[in-house]
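In what follows, subunit A forms one complex with subunit B and a second complex with subunit C.
So, the complex of A and B:
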């Protein structure tokens, strides 16, 4: 095995590209990120590791917009993310310039995934160590979408997905609790999924909501705290409801 | 010949451009909008070679948008003007663009501004400016009637005076003009001045 994991361009005998798999490991170490698609909104959430006291937290934006109607969050190597996001932003404008149309979510996802794939098939380079969750609205039909890409360059559309640290637990939670929601309910679902793996509180979570009319809006810490409080109250109410019946019998 | 002119007033900048698309002796259309909304608070009024005009202004517009996505804040008017001039200058000695530009912008900190950028990459910050044969008439009218800090009504009155002068004194005067304004509330179309209606299929 040690002989097949050095160069990216070498397959192992059992068909693995070890560098790509190691890149996926890097993603698994990155911060937890979640995306949920509603009927009229798409919500992105990401875990915010406690900021150092002397750090200016405004310069650490994890949810970025690629265009007026597309946003992205990633898990993994943040420096690699900067490069990918920059190329994607240029492509969004370039597309507008050449065909006078904004990109569709699928187009820009395909572009980013294509870039990630290119770096799994070249000499002397390593794959990008990040997976992305890309959300947006189709510029003409107004239909919301959520896509995911990974270091291998594969991509697919999702109703809800998670990536990064503990993504399996979040995905399990989403699979159990997903239903078609809209507006605030979608935001709550995303936060509930994140709270499964992240310490509760507004300063540990970053949430952004995208709507067709207003584009991307980052939620304030106070807003997140309020929703978290609502969720905790609902949880507590469900707990007491569960405990009550046994007492009656 | 293409007429573009503009001026700065009290808290706003206004630009006017003719709307004829001409090829030799044929007028293709008389409702061609030559004033592009660059971003929320900037206008580019451009005149010159039609292909270059569209190509160049769209290129500038997309690069200004890219800057905003990369940096989270929009370019200032002076920065956009210098960027535009830089692109013209770089292309000048290889593959020049034949486009003359009046860039009107509004910044929260510095207020309204107007920049004169000609096709050989001259850049001047001005209170009033004009391009084309029409400039002989509109600059003279503005020299006579312009004063600093005009109100929107006074400025529109002056623009109308310029248009009247161009219509009556220029041999191939364009029939229609579009006027756009930029102020603290953003860049938007203000009015059209039409003396020949473009025929529209019923």
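So, the complex of A and C:
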């Protein structure tokens, strides 16, 4: 097995591309990130590791915009993310220049995924060590979408998804609790999913909401704290309702 | 310096000065290169095996040479695929090497005065936009009309040329200038539009299609293409009309006429145009404008074809011989001399 994980262009006898799988491991060590699609908004959330005292937290932006109507969050190697995001931004503008129309979410996802795949089939390069969650609104139909890509270059659309650290538990939570929501409800769902794996508090969560009219908006810490407080209150109320024996005879 | 010799064999004759792929030596120690070159240098350092195979150099040569890729961004890369994005030059390894190994090029004639030769070639083709085509947007859609005469100098080579080219069921292009150029590039545009549809699951807009064509023609600018075309179509935003030419120009508008007969056609078209024409009125206006152009311009004639582009695609409305149209508009009247004779004998 050790012989099949050096040059990634080589398949192992049982059909694995080990470098790609190792890249997925790198993703699993990255920050937890979640994306939820509502009927009129899409919400991205990411875990914020506490910034060092001397670090300027403004420069550590995890949720980035690719164009006015498309945003992205990734889990994995941050340096790879920077390179990929730059290429995607250029492609968004290039598309606007050649066909005088903004990209669709599917188009840019396909581009990013194609890029990630190219690096799994070239000599002497390693795959990008990140999975991305791409959200946006279709410029023609106004429908919100959420897509995920991974280091192998596969992509698909999701109603809600999570990636990075503990993504399995987040995804399980989403599968159990997902329903069609809109506006603030979608934001709450995303935060509740993140709180499953992250310490609660506005310091540790970064949330961005994208709407068709206003584009991408990062929520302030105070806003996030308020919503977290709401969620905790709701949870407490649910607990007491469960614990209290039924009053009717 | 041996590298230049190797390279010149890969490049077309006489083009070495212009497409400058010069390799110069920069030592490993020279860290103070402009970022652009240093990126290439670092990049090339990662792939010695590939470079060696291209240049036939030995590993020791590689260590002692340093490479300065002067890939001038003004390199005339013939844009044969309008769907390719303008990806950065230093993308994945395959992109850079593909571009180099299969650099588009063609044999150029060996002359003393290449620029003069180019000018002559263009002059030879230029006046031959002997045709009249017109298109205009009105309330119901787009009306497109053209004559059908092909002339080679003073010789009429055909009276039945199809100058309105069907790019796809909802887009039309008109032909003026070099017939082969127009036909080929419209056909090519049709291919690209179809590929766009398949890739993006939606039809391309008229704006996008005209931009693809304009970019292709711009990349061949100065090489003697002669194309003066109008792209007319109906997309989600309604009717669209663009004028695209081989100089690389692209204009959006509501009324255009192209060709040697266009001044005459404009006269009739502009004076009779109203936005709220009905389809029949608009067709008649287009037909009359083509007729008048063929009447006065020797390089236009044949059959006046009229097409209409509406929300369900294009439809050919009519194709009338302009000779017959003449007698329809100006029927023969008995001459005054005969009338006088009749009156005298009657009195």
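We take it that the second predicted complex is superposed on the first by the 245 of 249 C-alpha atoms of A that agree within 3 Å, B and C clash if a C-alpha of one lies under 4 Å from a C-alpha of the other, contacts with A are read in each partner's own complex, and residues count from 1 in each chain.
In the analysis below, contacts are C-beta pairs under 8 Å (C-beta built on N, C-alpha and C of every residue); 3 or more make two chains touch, one makes a residue touch a chain.
This is a predicted model, so every value here is computed, not measured.
S.K.: Can A:124 be said to touch subunit B (first), subunit C (second), both, or neither?
M.R.: After superposing on A, A:124 lies in contact with subunit C but is clear of subunit B.
S.K.: Please indicate which partner A:67 is in contact with in the superposed arrangement: first for subunit B, second for subunit C, both, or neither.
M.R.: first
S.K.: After superposition on the shared chain, which partner residues are touched by A:94: those of subunit B (first), subunit C (second), both, or neither?
M.R.: both
S.K.: Determine, under the contact definition given at the top, whether A:49 touches first (subunit B), second (subunit C), both, or neither.
M.R.: neither
S.K.: Determine, for the superposed model, which of the two partners subunit B and subunit C contacts more residues of subunit A.
M.R.: C
S.K.: If we overlay the two complexes on their shared chain A, which of subunit B and subunit C does A:29 touch? Say first, second, both or neither.
M.R.: The answer is neither, since A:29 touches no partner chain.
S.K.: For subunit A, what residues appear in both contact lists, the one with subunit B and the one with subunit C?
M.R.: 90, 94, 97
S.K.: Once bound in the complex, which stretches of subunit C touch subunit A?
M.R.: 46-47, 50, 82, 85-88, 91-94, 196, 200, 202, 204-205, 207-208, 211-212, 215, 236
S.K.: Hey, which residues of subunit B end up touching subunit A in the complex?
M.R.: 58-59, 62-63, 65-66, 69-70, 72
S.K.: Can you list the residues on subunit A that touch subunit C in the complex?
M.R.: 87, 90-91, 94-95, 97-101, 104, 106-107, 111, 115, 118-119, 122-125, 140
S.K.: For subunit A, which residues count as touching subunit B in their complex?
M.R.: The contact residues of subunit A facing subunit B are 61, 65-67, 86, 89-90, 92-94, 96-97.
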